[in-house]
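Structure in structure tokens, see below.
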Amino acid sequence: MKHRSAQSSRIFTAVVRQHRIIRPRYRLLTLELDAKGSAAFASVMPGQFVEIDAGPLSLPQDKDIPAELLDSAKRNIMLRRPFSFSAIRHKGNKFEIDISYHVVGPSTVRLTTLVPGDSLNLIGPLGNGFRIDQSRPIAVLIAGGMGAPPIQHLAAHLKSHHPDMRVTAFIGARSLDEIPFDIGTDPDGGIIFPAFSSVGVPHAMTTDDGSFGVKGFVTQLVEKLLVPGPFQTDKAILYACGPEPMLTAVSRLAAKIGVHCQLSMERMMACGIGLCQSCAIKTRDPQAEDGWSYRLCCKDGPVLDGKDVIFD
Amino acid sequence: MKHRSAQSSRIFTAVVRQHRIIRPRYRLLTLELDAKGSAAFASVMPGQFVEIDAGPLSLPQDKDIPAELLDSAKRNIMLRRPFSFSAIRHKGNKFEIDISYHVVGPSTVRLTTLVPGDSLNLIGPLGNGFRIDQSRPIAVLIAGGMGAPPIQHLAAHLKSHHPDMRVTAFIGARSLDEIPFDIGTDPDGGIIFPAFSSVGVPHAMTTDDGSFGVKGFVTQLVEKLLVPGPFQTDKAILYACGPEPMLTAVSRLAAKIGVHCQLSMERMMACGIGLCQSCAIKTRDPQAEDGWSYRLCCKDGPVLDGKDVIFD
Amino acid sequence: MTEPNLSIEFAGLTLKNPVFTASGTCGYIDELAAFMDVSALGGFTTKSITLYPRKGNFTPRIVETDAGMLNAIGLANIGLDRFLREKVPLIAQYDTAVFVNVAGRTIDEYVAVTERLSQEKAIAGFELNISCPNVKKGGITFGTDPQQVETITQTVKKVAGAKPLMVKLTPTVTDITVTARAAIAGGADALSMVNTFTAMVIDIEARRPILANRTGGLSGPAIKPIAVYLVQRVYREVAKLAGIPILGMGGIRNASDAAEFLIAGATAVAVGTASFIRPDCCQSVLDGLHDYCRRHKIANIRDLTGTLQD
Amino acid sequence: MTEPNLSIEFAGLTLKNPVFTASGTCGYIDELAAFMDVSALGGFTTKSITLYPRKGNFTPRIVETDAGMLNAIGLANIGLDRFLREKVPLIAQYDTAVFVNVAGRTIDEYVAVTERLSQEKAIAGFELNISCPNVKKGGITFGTDPQQVETITQTVKKVAGAKPLMVKLTPTVTDITVTARAAIAGGADALSMVNTFTAMVIDIEARRPILANRTGGLSGPAIKPIAVYLVQRVYREVAKLAGIPILGMGGIRNASDAAEFLIAGATAVAVGTASFIRPDCCQSVLDGLHDYCRRHKIANIRDLTGTLQD
């Protein structure tokens, strides 16, 4: 008998439950997964992602499209786009996921038109998320820009599944306008991110321009706070997600202070499921003649071990 | 001084005010024109049309697309589509227009997603509508299928602008399912179309399959009722809109009984404004060497004098 | 910053900006004038003119495709005489460089049309259509054979008088640099590229081609990335060295698209199919290019041409 | 009506239906198996295999365009040895005709790969990739020269043993019937068409090509009308008379698209880019073709091939 593979349970429909504007260009979309999707999400990990088909969505009116995206965003969409989750919740016997997104092009501009009740077609969960290293209970979470969603998800995951770990989060953004979370205040009037404080994760914030939090790059802050401290490097690990220059800096910092790190990478993806080879990441490979080979961001990643990634 | 042409006032925005399902595949869309559009519509005539850009609209979910259109309707849209009006009304200092449409392909499938408050980009009014011939006060209106909207508009126009004319309407459809109007009853329980009875135009209906009204083609009914009657051919005129075979029959009938006719024609249009020459109609032309030349449906038509049109 | 200067030098002419209409998509000129200020354009290319009037193909002459359309208009036009009588006086009223797109079945026809119009003050120059896929004779058959490209260019150039001659290349050749070189060898003052790709849409219910002409030319955003590539290639390998400007086209619908062509090596750009959807598209391309130059501190748009980095 | 028979004869093989995957868009086979029943397919074409492993190009390797995308993967693949060791055993588990797409820099490489695989029971046949636009050597350079097309086909055919050899044509030639004839003269058992069109997208802010490889191959619905035209032309002018089947592809995303290619003259069709958006797309094409045959009372789908009316 020849092998017959099962029909995939990972292509499914989700219904929009909430859609909030966080900042002019940042939104929070809450989706309720159908039964098939919920089943597929039973053992999802932070850092995994879904591929969203925004092709069928309508284009907003010109006045509702950021001016600098007017030309680029009107292009037809053919391919799906990858998005990770900032939160995932049980909702009866279904799952609800939060997607925080930044409006940058044709798909994300179309996402802005979604209203509760609308449907989306999704494939997921895809890829490999963060692998929680139980032997390293000092978890330092680092997010840059739109790297924040999986880091937020990871913070909640660690606190609920590994309550004994010591979790701290560092979040960087270019400026106040580009903070993809709600901003709140603690009882003392201090400024906090409910996304992290609600799960009890202490956090600090940097902006490149100093418009909010500490001025500078998030990795500079991490270095300042971590390196001199009483800090058991073999018990610590950095989990990071953000733009490539930030991940490069994290990887250098980790090497310098001698801690492990896991990096959630990004590549332009045509398929997200290993068919097209568009999402290659250069990685160390002792097996390869010249010491390196490509791995696929969508299948082998997006989260890779920091020591494996080669940043040119 | 070189000539500087004015910016066009005929590209404008309209807002959806109502959207009704008349029959599963037939809908009625009420649009309120903005100030620019309303100004452009001040002297609109039945038979003129607008070009609608449905490109930015969303695609319905698969379950809301007629099964046989699932493949064809998902194609991306680039071009506008021509639609005439079934009614036009003053609404304060603006105009409101009714568009009756049949769901047949990518643009009309996308139109079905419109809800009140949504916007559409329009160009119009375009083309030449019916030219009311005052010397022919016996107006016989003939509509086939989706040729009905401009005929409905014409009926209302004639009754309000030319109250002395004798106006009768004949409407043909393939079957009951394809009647693009509401169906009502008169005080005696007789079946009527409010679209015509409300403006006092007597009307009769045929369906090809006899599922409603008289069985047969609408032109057969017209011929039966008109030809033997006490009927002054030089005082009468046929105004018709419908599929080409029907218009061919109307043109033959007109020639046979010796009355004038005006036909509202259809062609695939890329531009609707005379730029592309895609919408050519073969017409008699004594000036031309071989006796015929093309006219443009969008600019010279869509309404042409029956005696000018050559049906091969 | 002072306002960017959008004017360009194009085949010996100084044009107020690099935005043209593409042949066959904006009529003779008055059709478009109802929708935008035609005198704002750097250039206007007329519908193809032939020696004798042509009725064109049967309908359907167009069909939409994904992000594109096929047309098989068949060079429908009023012919040289009526063009001179009815359209040239209209053209004279607008302040833009009008290029007459010339087509024919034989070289003699091209020569006759060009020669006669070379005397008309209202006409700025010519575009030689040797790349139309929708006619049985002439058109693309001239355009794919380098020897014929050179010969026809040379012959027509002789009668064009002082007016610049632009040659419109077809993209459906194995190596477009060969035909580009041939046109330049023949004396072309500019290259215009690209014309449409021969294509077909089949009605699967009737099992016949939708177009009466069976095949048509594919235009619109669908072809843009191929057109950009070809312009870039001809610029780097042929036109730059030869000092011959390129009028780039194929799927342009906004200023970003236009900028791609300029960066790739075009000196000017033409808007075709997009005018069908937005008849004032050329104006918004123009406005957008102005903004782009400001944003990138480009004082003269002509400096943008061919700035693609390696 | 009895159920339509979807099986076809293709290059000496009897296949259960005319739906294939297109090379490079569905991995080696197991990648797709996670999303659909691969054994339901008439055929499966692997990613291009070269003699030695290839890492492929730098990223970005893809960019989306209107109704299409460019790719410049650069024939990234694990090479013949690992393919034999790791993938052939997997392939053997599926009940579909697997064609190995063979690529190389030199004719010797094509020969080496084909010869070695000609012994493998799990492999149904070969597809010769002489039309890839994304590699410096080999690829498209072989595919545009009729003489080279004939030579390489002939040479590889000799070592293909009993397995059918399909030749994949590039669309970027002046006259595709010439290369089609050359492939058939060389002994091709089938033609597959079309590969992608060389194209470019420019980032106008950075003024560089988006793709690390600068250019890439355009695929997707954007190219479909050109591909349908080319299939139709090769069928009428070459393949029909020669009795050589065509595997048609280019922008197919549903059964209607597939039917267009079959009516145009293809015996089978391949789904490429569309699988990226709907990894079970091949299945829905298959289901839709079944419905189409029922609706049109076509008892055998093979009777649909080339039924385009004049």
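Going in written order, the chains are labelled A, B, C and D, and every chain counts its residues from 1.
Following the convention adopted for this analysis, a contact is a pair of C-beta atoms (placed from the backbone, for glycine too) under 8 Å apart; a residue touches a chain by one contact, two chains touch by 3 or more.
All of these numbers come straight from a predicted model, not from anything done at the bench.
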Fewest hops from subunit B to subunit C - one hop per pair of touching chains: 1
Most remote chain, CA-based centroid, reference being subunit B: A
Between subunit D and subunit B, distance of the C-alpha-averaged centres to the nearest whole Å: 47
Averaged-CA centre spacing for the pair subunit B and subunit A, given as whole angstrom: 53
Subunit C-subunit D separation of Cα centroids, rounded to whole Å: 34
Contacts with two or more other chains, residues of subunit D listed in rising order: 65-68, 220-221, 256
Interface hub residues of subunit B, defined as touching at least two other chains: 55, 74-76
Touch-based graph of the chains, sorted into line, ring, star, complete or other: complete
Subunit D-touching residues of subunit A, taken from the complex the two chains share: 2-8, 10-11, 53, 55, 75-80, 123, 267-271, 273-281, 293-294, 299
Contacting residues of subunit D [partner subunit B, same complex]: 66-67, 221, 254-257, 288
Footprint of subunit D on subunit C - complex, ascending: 65-68, 70, 144, 172-175, 197-202, 204, 206-209, 215, 218, 220-226, 228-229, 232, 251, 256, 259-260, 263-264, 292, 307-310
Subunit A residues touching subunit B - in the complex, by the definition given at the top: 55-59, 61, 74, 76, 113, 119
Residues of subunit D that touch subunit A when the two form their complex: 24-27, 31-39, 47, 55-56, 59-69, 71, 73, 76, 93-95, 220-221, 273, 275-280
